[in-house]
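What follows is a set of structures to go through.
After this come two complexes, each holding subunit A, first together with subunit B and then together with subunit C.
This part shows the complex of A and B:
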């Protein structure tokens, strides 16, 4: 890929790691802009993760109707994503995005 | 987006948006607020007596991990002098429970709390792996749920503990309230919504709850986190960096609870207050249910009063199942529904009659007496709200519930039961006779 990319850290916990090769932390490098040339935001990240990082076929355990499945918490640099603009938050290089499932039992 | 500032300390960056009131607060303020609220719940309901021995039903999952951590913290902070122990059930599910028990062992060391593990194998002679090998993956949740209920009580009794706390959170309770509504089972609401339940024999023996002599029929149950959002429990664990284990049970999931759960989570996204509102509605509705005299003394009169659960059989049933809330020694009323579905299916396939008709006379009589009571006191409602319905296995007539069921003890194991033989013993007998399901069994032992 020739287009510029940004590097961020992602983490999957609370059972979500099971969907991502049983590995909690993944450094990812994704295109800095989406297909429409807009800066990469959380919506784009989720879609990108689904297509490029998630090997598990059960996509609906992570994504429903274009957003994360209700019951999965998203933390942007350790703060609730609701405080940061949710899907519209524009990713910055070095950001840490954590996805935590509340849906799994013990 | 400009960062928000914590509404409490006014200095740090806000990291948490509280679902209950939309407050934006920082992680340290969140931790202390969360702990203060659990302490408030415990103190306002006088949940524990000073010096009481309390077993924490510990699965290694998020809820029981947070419960253990918070109780340990509060006990030290407020000098409650509680004698806390961790109590885990080993269902014998390889690849699932063995891993989560490792987490519990780490908690035991980290929080300096003694740990007791009781296994299905030692209690019943059957691990869940063996049960599944015999009956298949379908329907095994029923066994697991019925066995777990007794296992916690028996484990507590072995430890000389008269009070077991579980990690049920507000989302779990809301889920259960919805499920009770969806299947028209209002009488069960009070059990789901009461913070503390215990059995009649325990009521008599309350004074002895600190003594060493605890019968396994005398164990109180409570859920100190029932007003805590699941989101906040997970965030508490995250920000306190608690180590917990999360997975799904490898055996069958509970479809109906799953749907209720999805509904709750969808509602939360649109209006987070909904979860606590459903819990509150459940508490309020429980007060209105006829026959509530046996069920909701706690929530009706005062939260301080301890509640006498209707009967142990109902508890046994109600605690069944695991599914999505698995491992939390869950109140899987859901298992009931699943059980019913299985039975219907089984009945269909085997050409048996399904449990459709309620023995009309008895039920109406029961309703009438309930209603007259109800109308007399409130002057309202002539809608026949059903009281405890029969949930028995293919033998509806047997335990059609009058408002108060007679509670006895199982002839075989001595566990509380409204039947001559408790459900666990019936299931075990089936297993031991290598019969696949109890639904087929006609074991004439009317309670």
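This part shows the complex of A and C:
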């Protein structure tokens, strides 16, 4: 029996796409629940992306101390994740999660 | 006889009296009509005044009323609204219209926009805007603000104009190379609009000067290029209660946020978020890429600067919001030139309850800023210059050039493909640095670059940083029993020591 999955859209911008095969948009299908049987949330997604989607070995350019590294904004359906419950937000099918690295040039 | 004459006289007198009284009555009727007309016009003028007649127009109104010889009405308006002094003729002539004659012509095209109007133009004229950074963002931003008639523009930058700036920093020019950016910008802007005041600050913004300078302005534009200055500018904007329009750009992308808007005092959660609310922790120093390193497409940064000017104009000319209307929602505008759609606007969080700068428990104070106890460089960290190889594993570009060209050496160029295609040494092998030793070794091995054929290996890059990491990667794995060296200073040194014609990109 295959465990149920959930399909979402992810996007990496501001230079983060370089860590993800230089491709901005990825449709991903990940387990609907984490190892503890809890519904997949953002924490689980970040971990899953690191293990399954990110081919680049520079993991610390994306994740530091279990969360996204400082300078990366996480957007859940076009809103700052802090408006949606941050890491604890439970993924819904069709969600669009965008990871944006801040730019500093001018 | 006498009585007859007396009666005639009486008739005559009465007729004259009737005639005189009739004349008087006509005169009175005429006066009444005039008075009624005056009263009506006075009422109209008065209600027009109460109906939102701008204070700037009072002299204009009084002048019109004087010309029509209704001194009492003028006096009434003056007394009703606390204008005690009669306007002097000279004063009235000078302020006949709220804007100067030339200003109606210069700003006419934006003046007729309902979003700006006379009200907005007067607000722009009375506004003072500080542009921090006169580079790719600051150039177009300052140009549009000067063009729009912002009364005072402050310009801060410690750099001088370089040729490599000119593809995007469009208010500088070839003849101004070597001049301070502030002076160069001033020359362009003063020619564009000589009627406004320019303040020049030809130095980098420092914490000890920030508050004193910010206090002289109504709104701040962050047009700088490093997290260090971005945190400093945001903190100073919060401490001085100034809204901040912040933008950034790199490669083909740009970002724009209006911060601290409305600029409520620290602790007031109804104020707009500051830079620290959105980014409480600075990014690791080695993840910060500058335009010099990463590249920038000119119109991308230009667009972001233009958008900053636009947002500044919107903030400065904003009409008073009805009380029942929500304050502006903080948003981040992201632009990506090669993506579809190019623009994306996302909702941002509001003020952070525990923000170090704008919350009630803020640790960043005016004192901390002025006494130098806040070290922004230490806070953001600095990417250290790379120096990982022992001296014997490095070779000067000039020495490399003297090596025998007999095929006993192999040169690996670790710049990316785009740079390699711009210029490369004949016979070199291109294996772009991947940012990571393991993955680079894998790539180099796959490409056959590390084949053990007894030749000596030399590694080169643009500036001599990545080449050290690549050389170290090979040495650490002891993959090759043979000599591996990096060329000190990369192609920059090559140009300076060996080949002056080498492209200086």
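Quick notes on this structure:
What we mean here is this: the second predicted complex is superposed on the first by the 101 of 106 C-alpha atoms of A that agree within 3 Å, B and C clash if a C-alpha of one lies under 4 Å from a C-alpha of the other, contacts with A are read in each partner's own complex, and residues count from 1 in each chain.
Simple rule for what comes next: contacts are C-beta pairs under 8 Å (C-beta built on N, C-alpha and C of every residue); 3 or more make two chains touch, one makes a residue touch a chain.
Treat the numbers as computed from the prediction; the structure is a model and nothing was measured.
Three-chain overlay on subunit A, with subunit B and subunit C in a clash. In the superposition on chain A, A:4 makes contact with neither subunit B nor subunit C.
By the touch criterion defined above, A:37 reaches neither subunit B nor subunit C.
By the touch criterion stated above, A:24 is placed in contact with subunit C alone, subunit B being left untouched.
When the shared chain is aligned, subunit B comes close enough to touch A:89, but subunit C does not.
By the touch criterion stated above, A:56 is placed in contact with subunit C alone, subunit B being left untouched.
Contacts of A:104 after superposition on the shared chain: both subunit B and subunit C are touched. Residue contacts after overlaying the shared chain place A:66 against neither subunit B nor subunit C. Subunit A uses residues 13-15, 69-71, 73, 75, 78-80, 82-83, 98, 100-106 to touch subunit B in one structure and subunit C in the other. Across the interface of their complex, subunit C is touched by residues 13-15, 24, 56-58, 60-61, 64, 69-73, 75, 78-80, 82-83, 98, 100-106 of subunit A. Residues 1, 3-4, 13-17, 24, 27, 59-65, 100, 103, 171, 230-231, 233-235, 238-239, 244-249, 261-262, 265-266, 268-269, 322-328, 330 of subunit B are the ones touching subunit A in the complex. Every residue of subunit A that touches subunit B in the complex is listed here, in rising order: 13-15, 18, 69-71, 73, 75, 78-80, 82-85, 89, 98, 100-106. Those residues of subunit C whose C-beta lies close enough to touch subunit A in the complex are 133, 135-138, 222-227, 230, 247-251, 253-255, 278-284, 287-291, 294, 296, 301, 304, 332, 334, 336, 339, 344-349, 434-436, 438-439.
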